[in-house]
Amino acid sequence: MGKIKTARGVIYFFLVLLVIICFIPFYMMIINATRSNSEILRGFTLIPGNALMDNYDILNSYINIWIGFRNSLIIAVSVTVLNSYFSALTAFALVVYEFKAKNVIFITFIVMMMVPGQLGLIGLYDLASTFGILDTYWPLIIPAIAAPFTVFFFRQFLITTMPMSILESGRIDGASETYMFHRLVLPILMPAIATMGIFTFIGSWNNFLFPLVIIRSPRLYTLPIMIRQLQGSPVASNLGAIYLGIAISVVPIMIAFLFLSKYIISSITAGAVKG
Amino acid sequence: MNKTDDQTVAADSTAAVSKRKTKKKNHNHPYFYIAPFVIVFLSFNIYPILLTFYYSLTNYTGLGGIENADFVGFENYARLIGDSFFYEAFFNTIKIWGVNFAIQITIAMGLALLFSDMRLKLKGLNTFRALFFLPNIITIASVALLFSILLDWNYGSLNQMLLTLNLIDRPINWLNDPVLAQGWVALIGAWMWFGNTFIILMAGISGIPKDFYEAAYIDGANWWDTFTKITLPQLKPILLYVFITSIIGGLQIFDLPLLMTDGRGAPRGALNTMVIYLYNQGFSYANFGYSAAIAYGLFIITIVFSAITFKTMYRSQVKVKKGGRK
Amino acid sequence: MKNSWKLASLLCGAVLMTACGSDTDTGSDADGDSNGGGEGSVDLVINSFTDELAYPIEVFEERNPDVNIDLQIIPTENYVDTLRPALESGSGAPDIFTGEIVYLLDWIEQDYWMDLNEYNVDEWSDDYLDYVWELGRNEAGEMKALSWQTTPGGIYYRRSIADEVFGTDDPDEIGEMFSTMDGLLDAGEELANAGYRLFPDEGSIAPYTMGNNPEPWVNDNNELQMTDARLSYFDYAKELRDNEYSALAPAWSPAWYASFNEPITYNAGWEEMAEGEETTEVFGVSLPTWGLHSVLKTDAQATAGDWAVTNGPSAYFQGGTWIGIYEGSENKDVAFDFIQMLVNDEEFLTQWVEETGDVLSYKPVMEEVAQDYSDDYLGGQNHYEFFLERAEQIDPSNVTRYDQRLDQMFGASVGAYVDGVLTKDEALEEFYAEVQNAFPDIEVPESN
C-alpha cells in the first residue's frame, strides 16, 4: 500500500509539472503584456509590469482587436447554426425516406470526407470572384450548409436513437413532416448537434486559410487574420503591445472554456466513440 | 417522380432503416429537404473542385481572367513530379507530423494508462483533462505568433529564461535552424493536441470491460502483458480514428509554420509545408495553374495515406480475429 | 427542451441577421451606396500600406465636413495579394489607393487606376521632379498615379557618438568619411573599437553594394542580373557581422527600433564576449527620407535632437508611394479633390512639411522651405538641402516589378551565408532555385 502511495505522489508531481509546462507560454504572454518594450528586451521576469494601459493604447491605435472578435463570432455562430440545421434536415431525409438518389449521395459523402479542404480553394476563390462575393462573409458561411461529415454523424445518431414509431403516431395525428422534423427530430438530435456544433464552432473560429484568401477589408478581418496583421504591422516595434494583442485573442477563449470544459470534453468523447 | 419508381427503389434498398415506410403521403418531401444541401454541395464543394482541376491544366495567373490563360494539358503535373520544392514540402510536412504524432501519442497514452490504472486510482481526471486540453481551443494564429516571439533569438522569453537559469551560455537561434524550427512546430503541435488524444484514448480505455483486466490479474499477468494483450488490441478502432484524423490534419498543416517565420518556409525552406507551398504559388506568386496542381497532388497523397492506414489496420484486425479463434 | 430550442433558434436567427446586416455594409462604397450625389455626405475609402495619409485625411475632412474618409491600412507584405483581387473583381475596391514603387510599374499598365489627365493634371508636370512624374505615366501616356514625395536615402547617425569617436558630428565631414566603401568600413572599425556598432543589421549596407552604376534585378530579356556588384553584398554583409560592426537587430524588429533609443543587448553570438559587456549602442542606420518621420521621429523619441543625416558611399533611393483613383470609383471628383490637396496644394504641403519633415516632389514648396530650414530632431540640420541634391540623382530605370520578392529572397540567402550555415555558393544556388520556382519566366544564371 505504501508503495502505491509513493507512486501516486510521484505521478501527481509529474502531472502538476506537465500542467506547469503547458501553461508557461500563457503565463509569459500575460506577464509580457503588462511590460514595456524596453523591459521585455532587457530580460524576463515572472512579475507583472505596469505598462498594460500603454500597451493597450499602442495596440488600439493600430488595430481594434475587438472587431476581430465580433467578426469571428458572427461567422462561427452562423456557420454552426447553418451546419447544424441543414445537416439535421439532410440526415432526417436520408434516414426517414427512401428515394432515388439516396445511395449516390451516401457514397459521395464517404469520398468527400477524404478530400482536403484546400482542394477547392482556388476554385472557390474564383467562384466568389465571379459572383462578386469576394470580401464578404458569404463564401465562408454558405458552404456550411453542405457538411458531409456532420450529416454522416447525425445519420448514425438518428438510426440508433430515433424510433420510427413516433413519426408514425405523429402522422396519424395529422402533423406535417416539417413540423415533425422541428418538434420531434431536432430535440432527439440535440446531443449530437451539441457535439458536432462544438467542433464546427472551433473549426470555424480557427479557420485561417479561407478568410485569408477571401477577406481583404480590415474591418471584416477575423481574429486569426488580425493576429497575422500584427506580425507585419507598426505594432511589431513594441513587443508588449504584441503580447497584449495575443493575450486579448486568447484569454476570453480560455475563460469561456472554463465554463464549458465538461461539455466540450464529453463531446470529444462522443465524437470519437460514435464517429 | 412517380410513386412506383420510388417504391421500387425503396424495396431494392439495403439501407433497411425503417420497415414502416408504407404510408408516405408526400414523396417530394425528401427532395425538398435535401435540396439546400445538394445545391450548396454542388456549387460550393464539387464545382470549385472541378474548377480547380481545370485550372491545374492551364497556366492561369489570376490576371485578366481565365480566358487569357492557355491550356497546357498535364504540364503542371509534370512539373510537380519533378519539383524538388514540392518534395521538400512533402517531407517537411511528414517530418513535422511524425515527430508531433510520436510525442503526442506517447504522452496521451501514458496519461490514459495512468488514469485508468485500477490500483493507482488517481483523482482529478476531469481537472487534468480540461487543463491538458486547453491549448487545443486557442486560435492557432495566436499560438504561432506567441511562440514566434517567445522563441526570438535575442529577446525571446525562452532564451532569456534559459540564460538566467544558466542552462545555456548563449542564446539559441531556435527558428533559424531547420531542424530546431521543425522540432518546435512539431512540439507545439503536440502541445496543442495531446490533451485531445488523451481524452479520446481515455474514452476508449474506459470502454474496455473491466473483467478482462480482472481475469488477467488473476492469471498473474503483469502490466506489460495486459497492455499488449488487452489494452492495445481493444483500442485498435480508436487508435485508427486518432491516427487517421491526425494524419489528415497533419498533411494540411498551414497556419502554424506560416506564422512562426516569414510565411515562405524560413529557415531555408524547413517550414515550407505542402499547403504553404500551394498558398504561395497561388496567392503570392500568382501561379494559379500550378497551385491547383499542387492541391491535387496533396489530395492524392491524402488518399494514399488513408488507404495505407486502413489496409494496415484491416489486415491486423483479420489477424486478431484469427488469433481469437485459436 | 422545446423552449430552449426556441430560444436557441431565436438567438441564432438574431445572429444571422447581424451577419447579413454587416455583410450588406461590406459592399464597398465603390459599388455606390448612392450617397455619392445630393447634399448627403460622401464616404471615401482609401487603401494604403502605411498610416502616412492619416494626417492629410484629417486636414481634408476638416476642410470638407461632408466627406468621411475611411483609411484602411493593409500591411506591406500582404498589400498586393489582398488588394489586387479586389481591383480585378471590383468588389470591395476602394476609391483611392496607393502603390509602392516596386509594383507601380505593373499597376500603371492595368485598368486599376483611372487616367488623371481627365482632370488635366498634365498642366502641373513642370512643378514636379521628373522621375516622380514619369513613373506614374504608363506606356500609353496615361497619367495613372501621382506622388507627393521623393525618397532618396542616406545614413542617419547619432551626433553624440560621432563626436565621441570621430571628434566631429558635422554631416559634411562624416559624409566625406563615408564616401567610399572602405571609408565606411574603417569607420565601422573605429566605432567597434570604441564599443559601438556601425549599423543595427547587415541590411543597412545593402544599398551601397550596387555602387554608382546599379543594374536592374531583371533585364529586358527576363534574365536575372547577378553582377559582381550585387554579389559583393555577400562579402560586405559577412564583414559587417564577423567584425562586429552590426548588432544583430534585424530591420523592423523590436530590437531594431530599440537600437535607435538606447543601448541594446546583443548577447547572441560572440563566444569570446566578456562578462558584463552585454549591451551596445548603435551608431546609425540607412533610411530614406520617409524614415525620418515614419520611423525615427515616431519610434526614437528618447534620442530626439541627437541625430543627423549624411551620405553613404553611393546615392540610392528606396520606396516611394504613388496614389491614384480607382477606375470604378463613383466618387471620382471628391477623390480627385483629395489627391489635389495631397500633391498640389501649397498651403497644405507647407503645413505637411512643417509637421513631418517629409521631402516632397513638388518643387515650389521645397524650394521655398529648403532656403532656411532647420529640423530640431536632426539637431538643427537642414536635411532638405541634402536630400534635394540627392533627389536629382535618382534614376528609377532600374525598378522592376520583381524587386520586392527578389530583395526578400536574396536577403534571406545572404542571411544564411552570414549566419554561417551555408557557403556562398550554396546560398546562391538556393537563391536561384527559389527565384526559378516562384517566377518560372525569369532566366537565372547557371550556378557553378
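Letters A, B and C mark the chains in the order given here, with residues in each chain numbered from 1 onward.
Following the convention adopted for this analysis, contacts are C-beta pairs under 8 Å (C-beta built on N, C-alpha and C of every residue); 3 or more make two chains touch, one makes a residue touch a chain.
Everything numeric here is computed off the predicted structure, so don't read it as measured data.
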Query raised in the report: Both subunit A and subunit B are touched by which chains?
Result: C
Query raised in the report: If you tally the C-beta contacts, which comes out ahead, B-C or A-C?
Result: A-C
Report summary line: Between subunit A and subunit B, the Cα-mean centres are separated in Å by 16
Requested in this report: For subunit B and subunit C, let me know how many angstrom lie between their CA-based centres, rounded off.
Outcome: 40
Report summary line: Chain centres from averaged Cα atoms put subunit A and subunit C apart, in whole Å, by 38
Report task. Mind pulling the residue numbers of subunit A that touch at least two other chains? Result -> 40-41, 228, 239
Report task. Going through subunit C residue by residue, note those that touch at least 2 other chains and give them in order. Result -> 77, 85, 88, 254-255, 265
Report summary line: Two or more other chains are touched by the subunit B residues 154-155, 283
Report summary line: Per the touch rule above, subunit C residues touching subunit A in the complex are 1-2, 5, 12, 15-16, 18-19, 22-23, 26-28, 51, 72-78, 82-83, 85-86, 88-92, 252-258, 261-262, 264-265, 299
**Report entry** subunit A residues within the subunit B interface of the complex
**Finding:** 4, 7-8, 11-12, 15, 18-19, 22-23, 25, 28-29, 32, 40-41, 43-44, 86-87, 89-90, 92-103, 105, 108, 112, 114-124, 126-127, 139, 142-143, 145-146, 148, 151, 159, 164-165, 168, 171, 177, 181, 202, 205-206, 208-209, 212-213, 223-225, 227-228, 230-231, 239, 242-243, 246, 249-250, 253-254, 257, 261-262, 264-265, 268-269, 272-273, 275
Report summary line: In their shared complex, subunit C is touched by residues of subunit A numbered 37-38, 40-42, 62, 71, 73-75, 77-78, 81, 125, 129, 132-138, 141, 183, 186-187, 190, 216-220, 228-229, 232-234, 236-239
Report summary line: Per the touch rule, the subunit B residues reaching subunit C in their complex are 62-63, 83-85, 153-155, 159, 163, 170-171, 173, 176-177, 262-264, 266-269, 280-281, 283-285, 287
Requested in this report: Provide the residue numbers of subunit C that touch subunit B in the complex, in ascending order.
Outcome: 77, 81, 84-85, 88, 248-249, 254-255, 265-269, 271, 405, 408, 412, 416, 419, 421-422, 430, 433, 437-440
